[in-house]
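Next, two complexes with subunit A in common: one pairs it with subunit B, the other with subunit C.
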Partner chain A sequence: MSRYFFYFMSISMLIHTILIVPRDHMNARYDGAILSFLIGPAIGGVLVYAYTRSLSKFKGKGLPEIAAERLPKALSLPLVLGAGLMSFIAGGMAWIHCAFIISKYLNPDMSPYALLILFVIVTCAGAVQTSKTVLFSTEIIYIVCVPLLVVLLIHGLFSKSMNYDSVKVMLDYTWVMPSWSSLSAATNTFAGYMALSVFNRTFPADKQIKHLWLIPAVGLILELFSFFIPIGFHGTDGVDDYIYTWVSTVDAFRMKYLLIERVVSIYLLILLVVTYVFTMITWHVGAELVTGAFRIRPPKKASLRTQLPRLAVCVLIGIGTVIAGARFDETTLFKASSFWMGIRMPLDVLIVFAVVLLSRWRLKA
Partner chain B sequence: MKPFDLHAAIPGLMHSGDLVSRGLNIDEESVQLVYLSSLCDKQYLQSSIMQAFGDSSDRADFKNRLSLIPGYEQVQSGDAAVQKLLRGYALVLFPDAICAIESAKASTSKPLDATMESILQGPQYAFSEDIATNVQIIRTRYPSKELRVEYSVIGTVSQTSLAILYDASKVDPDVLLELDERLSKIDAEVVQASNQVQMLLTDRYHLLPTGLVTDRPDRTVLNLSQGKVILLLNGTPFSINLPAVFFDFLDSMEDVYQYPWLMRPLQALRYIGACITMTLPALYVAFVSYNPEFFRAQLAIEIAGSRAAVPYASYYEVFLMLFLTEALTEASIRLPKHIGSTATTVGGLILGEAAQQAGLVSSIMIIIASSVAISNFVIPINTMSYAVRVAKFPLIILAMYFGLVGIVTGIFCFVLYAASLRSFGKPYLKLFSGEAKRSR
Partner chain C sequence: MKRTILWMSVGMLLLAGLPGCGFKDIDRRFFVMAIGIDKSEKPDKPYHVSLKMAIPFSKIEPGKTNTYQLVSDDASSITEAIRHMKSKVDKELDFSQAKIVVIGKQMSAEILQKDTLDWFMRRRDIQGAAYMALGDPSAEEVLNVKTDSERFPGDSLFLSFDHDGTESSYIVTEYLFDFHRRVTEKGLDPYLPIIRPTGNAYLIDQVAVFDKTKLKAVLSPEETRIFNKLVAKYQKFDIETKTDQIQFALNVDKIKTNYNIDTSEDLAPVLHLNVRMIGQAEESSKSFYEKPWSYYERLAEQGVAARYTHLLQKLQALNVDPIGFGLHYCATHHNGQQAEWTAWETIYPKLAFKPNVRVEIKSSGGVK
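== the complex of A and B ==
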C-alpha cells in the first residue's frame, strides 16, 4: 500500500511546482530562489521523514484518533481542526488558480466562477468517498497522466527554443540567501505528507514506507525544471512578463507531427485532472480531520447518511472557495497564496513536531 | 371405505386440469396416486410405482417397495406436499402417510452454441437451460473434491431453483456470507433471468454491472478456479460470477488461450475502443463548438468545411446520429431474425449517405457515429457494453456546457464512481490488484 504514499506526495509536488509556486520563485529569482531549492527539499525531506516514521508507530490510526487518545480535548481539537482547515485551504487555493488558468486559456468565453462552481461540486463528491476509493482513483489517474507530463517536461528540456545561456546566467545568483517567501514556497512543495494523517488508517501497520529519499530528490528535480525551463524559454527578464509562467512556457512548445499542434491544450487538460485529484485528496483529508476533530469516525461502509457530516463540511468550504474566487483577482490571489505559504510552513512544522512528541511519549494512564 | 381427503392433503391444487388422481386398491385396502401429468414421466411411473404396486400383496408391502425406489421421500400433507407435486413428484397417499417419488420428465435441454461471447478457437458450447445439466457441465470441467454445490430457491412465486457453486479451498468466506445475506433479502415475485438476479443482488441503481453474467462454461470454470462464487439459475443458459471487477468485463476468454504478445495488443484495442465509444461524440461537440483551435489549422478547417451545410449547433447533429445508431442497434436486437436484415439495410442507407447529402449532418459526424458503434461492439460482455452506451450521454451534456473541461470532469467522475463501487467487498476499479495468474 505504501506506493499510494508516493502517488499523493508526487501529485502534491506537481501541483505546487506547476500551479502555485513558480510565481514566487520567479519574483525572487535574483534574491535567492536557487538556494531555496537546496534548503527547501532538505527541510521538506526532514519533515516527511519525521512525520512518516512517527505515524508508522500508530497502527492504522489517523491523526484524529491519535490526538484524541493522547491529548486533552483543549489541545487535540485545535490541532486536528487546524490541520484539517489547512488542508482545505491548500485545495481551495489550487482550484482558484486553476479556474483562472482554465478560463484564460481554455474556455475564454466562460466566467471563471462558473468553472469554479463545477470544480467545487465535483471535488465535494470526490472528497466524501472513502479513503480507499480516493486512493484507487488517484492511482489510476496518476498512471494515466503523469507519464504524459514527464514526456512534456523532457520535450521542453530538449527543445530548440530552450536557451541554456539564460540558465547559466541565473546560476550566478545561486549563493544569495533566500527570502522567507521563496523558502516557504520551496518547502511547501513537500506539504503532501500531511495527507498521511488520514491515509495512515488504510496503510498496513507492519510495513514502513521505503525509498523515502526519492521524495526530496524528485522534488528538487521538479523545482529546478519548473524554474529553469521557463527562464530558458523566456529569458531571465522575460519571465517577468507572464502571470502563469509555466502555462506560457508550455504554450511555446510545439509538437511537429501531432494532430494537436499546441501542446498547451493537452497540458492544461492534464493539469486540470491532476488538480481534481489533488483537491480531492486535500479536501478528503480536510473533511476527515475536521469531522474527526469532533469525534466522528469513518464508518465501515460509506453511505449517503454516514457521509453527511463530511459532505456538509465540504459544501461549506466549497461555498467559501467560490466566494473567495469571486473576490480575488490575479494580483491579490498571488499575494494571498504567497502569504498563505509563508504562514503554512511554521504551522506544518508545529504539527509535525507535535506528532513526533506524541509518538515518543508513553500513553498517559 | 372412506375416500381420501384430497383437499386436506394437497390444498389448492384440486382444480388443476393436469392433476391426475387415481385410486389403487389392494384387497379392500386402497391408496391414492396423485401426480401432475404435465410434469411427470408416465413411462417412469409405470416402471416404478405401478410395477411395485403390481408386485405387492398388501398395503404395507407396497409402502416398503415404494421406499426402495430412488428419489423416495415421506412428506407432510399440506404445503409441503403441494411443493413436491409442483416439482414433478408423484404422491402416493396412504391413510397415515404421504410418499413422494421423484418422477419428473428428463430435461430435453441440451447445451446451446455459445452465441453471446464467440471466440475462434476454444470451447464452442454454452450452458443449457436446465440447471442439472449445467451443474453437470461444471462438475465435468472442474472435477475437484473441493467443489461445493448448494441449492436454494429464489422468487416468492416462481420458486426458481438456484445453484450456488464454489471451490471451498479458494473461496473468500466473506463473499459467501454477504451473498447469503443479500439472497435472503430478495423479495421479487418472479425471477427468470440471470441478469435479473445479478441486478437484485447488487444495488438497483448502479450504472456498472458488479456481477459478471456469461454463457461460457470455460469462463465460469476459470472464475471458479480463481475463487469466485458461481450462481446458476434454472431456465437460463447463463452463469453469474461473483465478485466481478471492471477489468473482467473487458477480458475475452481468448486472452487466456493465446500467447500474451498476441493478445495484449488486442486487449489494448478493447480498452481504446471503450474509451472511444464513451468520449468521441463528446469530443466532437467540444472540438467543434468550444475549442476548434486545438487541432492544427488544416484539420480544424477540414472539420469546419464538412459542417458547412449543417444549419445547427454540433450537439444536434450528435444527438441525431447517436439516436439513429442506437435505435438501429436496438431494432436489430428486438426484431425477429427474418426482418432484422431489412432494418440494417434501411438504416445503413440513411446513416451512410442520405443524411449527409441532405445537409442534416456533416460527413465527419457519420464517421464518428459509426466508429462509436463499432468500438462499442468490441466490449466482450454485453452488460458492460450497455453501461458504456449509456455513459456517453452525460459526457455529451457536460461537453455541451463546458467543452473539453466538461469531458475531463466527466471522465474523472466516471473513474471516481467506478472506484467507489465494491463488488461483494472487492474494489471494482483498482490497478495491480494482484489476481492469481496461476489459473492462466
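== the complex of A and C ==
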C-alpha cells in the first residue's frame, strides 16, 4: 500500500512546483530562491519523516481518532479542525489558480467563475468517496498523466533552446539568504504528507513506508527543474515578464512528432487533471478531518446518507472557494497564496510536533 | 430503480442549462497563418499590420489549395489595426495557427522597443514558439508570395524554418520567445533572418544582427552560414577549399563547437574557439588519393578558420554579441553579476579570437 503514499506526495509536489510556487521563486530569484531549494527539502524531509514514523505507531487510525484518544476535547477539536481547514484551503487555492489559467489560455470565452463552479462540483463528488476509492482513482490518473509531464520536463532539459549559460549566471546568487516567502514556498512543496492524517487508516500498520529518502530527493529535483528550465528558456531577466511561468515555458516547446505540435494545449489538460486529483485528495482529507473533529467516523459501507456530513462540509467550502475566486484578481491571488504559504509552514510544523508528542505521551487519563 | 431514473433525468435537465456559445464553428473562422508588421507612411498611424489568412479547402493539393486572403490596415497600435480588420472580413479571426511573425525592415528599430513585441507576448493565442523574421523590402510583400509547391498558405515558410523540409545552412531560425529573451538578456543580443521575396518564391540567406536598441548590420550569405553554426548550433555545412593546386568541397554533417574565454592576461584576453567537423568529400578537381587525407584536412582547416575569424571580428567591430560570449563570461566567472558585466564590457572590444578548427575527412565519396 505504501506506493499510494508516494502518489499523493508526488502529486502535491508537482502541483506546487508547476502551478503555485514558480511565481514566488521567480520574484525572489536574485534574493535567495536558490538557497531555499536546499533548505526547503531539508525541512520538508524532516517533517515527512517525523510525521510518517509517528503515525505508523497507530495501527489503522487517522488523526481524528488519535487526537480523540489521547487529548482532551478542548485541545483535540482545534487541532483536527485546523488541520482539516488547512487542507481545504490548499485545495481551494490550487483550483482558483487553475481556473484562472484555464480561462486565460484554454477557454477565454467562459468566465473563470463558471469554470470554478464546475470544477468545485466535480471535486465535491470525488472528495466524498471513501478513502480507498480516492487512492485508487489517484493511481489511475497518476499513471496516465505524470509520465507525460515528465516527458515535458525532460524535453525542456535537453532542448536546443535551453540556454545553460543563463542558468549558470543564476548560480552567482546561490548564497543569498532566502526570504520567508521563498523558504515557505519551497517547504510547502512537501506538504502532501498531511494527507496521511486520513490515509493512515487504510495503510497496514505493520509495514513501514520504505524509501522515504526519495521524497526530499525528488522534491529537490522538481524544484530545481521548475526553477531553472523557465530561466534557461526565457533568460534571467526575461522570465520576470511572464505571469504563469510554466505555461509560457511550455508554450515555447514545439514537439513536432507528438500528436499536437503545440504541446501547451496538452500540458493545460494534464494540469487540469492533476489539479483535480490534488483537490480531490486535499478536500477528501479536509472533509474527513473536519467531520472527524466532531466525532463522525467513516462508516463501514458508504452510502449517500452516511456521507452527507462530508458532502455538506465540501459544498460549504466549495461555495467559499467560488466566492474567493470571484473576489480575487490575479495580483491579489498571487499575494494571497504566498501569504497563505507563509503562515501555513509554521502551522504544519506545529501539527507535526503535536503528533510526534502524541505518539509518545498521552495527555488524557 | 425508479429513483435512479429520476435522478438521471434531473441530471439531464441540468445539462440543458449549460451555455452553448463560446465556441465558433470551424467554417466561421479565418485561420491567420502569418502576421506582418510594417511601418506606414502616416505619422499618426505608424503600424501597418497585414494578416495572411487561409481559405479552407476540403482536399489538400500542392499549389492549388494555398489560396489566401491578405488583409492589411494602418493604425496607431496593433490591437486597433486588428479590431478594424475584423470589419473587413466575414469570419472570426483565429490566431492559433499563426506560426510566423514577419517584421518589415523599416520597422526593425521599433520592434526592439517593447510596445511592439508586447502585443505578441500578451496575446494568449500567439504561440511562444512562433518563428520570427525580417521582411525585405516589407513584410506585406513577403506575405503576398504564393509559391507553387505549397499545400496551404505559408507552408513553405514553415518548412524552411523548422528544417523539416529543406535543410539549408543559410536559413537561420529564430523564435518569438527566443527573441524576447535576447532583447532582455545581458550579453546575448537578438538577430533575425531576412526573407526576400523573388517572384513566386523566397530567398532566405541573410541574417540581421541587432544590439539592444537597433539593427546594426545585415550579414552576407557567406557570413550567415558561419553564424548559423555558432548561434543555432546547426549541424550541416560545406567547406569549399581552393588553392593553386587543387579545388575541393567537403560536405560536413557533424560539427562540435565549444569555446572558452581566457583572461589570464589582462591586456590581451583571448577567445579559444574549438570546432571539430566531420565530413566527406563531395567534389574535387584532382584524385583524392594522391596525398594523405591529412594534407587536405589541413588545407580545409585554414580556410574555415579564416572565415570564423572574419565573422567574429565583424561582430566585435559592430559591438553585438548574438552568440552569447558575454553571457558565457558571466556564467563562468563568479564575482557578482554586475561586476562581471562591467568587466566584460571592457574585455569584448579588445578580445582576440583564436579559432582552432579540426576537420576530419571520413571518406572521399564514391570515387578515389
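General observations
Note that in this section the second predicted complex is superposed on the first by the 360 of 365 C-alpha atoms of A that agree within 3 Å, B and C clash if a C-alpha of one lies under 4 Å from a C-alpha of the other, contacts with A are read in each partner's own complex, and residues count from 1 in each chain.
One rule holds for everything that comes next: contacts are C-beta pairs under 8 Å (C-beta built on N, C-alpha and C of every residue); 3 or more make two chains touch, one makes a residue touch a chain.
Keep in mind that this is a model prediction, so the values were computed, not measured.
With both structures placed on the common chain, the touch criterion links A:Thr306 to neither subunit B nor subunit C. In the superposition on chain A, A:Arg262 makes contact with both subunit B and subunit C. Of the two partner chains, subunit C is the only one touched by A:Leu171; subunit B is not. In the superposition on chain A, A:Asn107 makes contact with both subunit B and subunit C. When the two structures are aligned on the shared chain, A:Ser359 is found in touch with neither subunit B nor subunit C. When the two complexes are overlaid on their common chain A, residue A:Ser2 makes contact with neither subunit B nor subunit C. With both structures placed on the common chain, the touch criterion links A:Asp237 to subunit C but leaves subunit B unconnected.
On subunit A, the surface patch touched by subunit B in one complex and by subunit C in the other comprises residues 107, 110, 262. Against subunit A, the residues of subunit B that register as touching in their complex are 290-291, 293-297, 299, 402-406, 408-409, 411-413, 415-416, 419-420, 427, 429-432.
If you check the complex, the residues on subunit C that touch subunit A are 19, 21-23, 96, 121, 124, 127-129, 162, 164, 175, 177-178, 180-186, 188, 232-233, 324, 327-328, 330-332, 334, 336-337, 340. Listing the residues of subunit A that touch subunit B in their complex gives 102, 106-107, 110, 115, 118-119, 122, 125-126, 129-130, 132-133, 136-137, 139-141, 143, 259-262, 265, 269, 272-273, 276-277, 280, 302. The residues of subunit A lying in touch with subunit C in their complex are 104-105, 107-110, 114, 160-161, 163-169, 171-173, 233-238, 241, 248, 251-254, 256, 262, 264.
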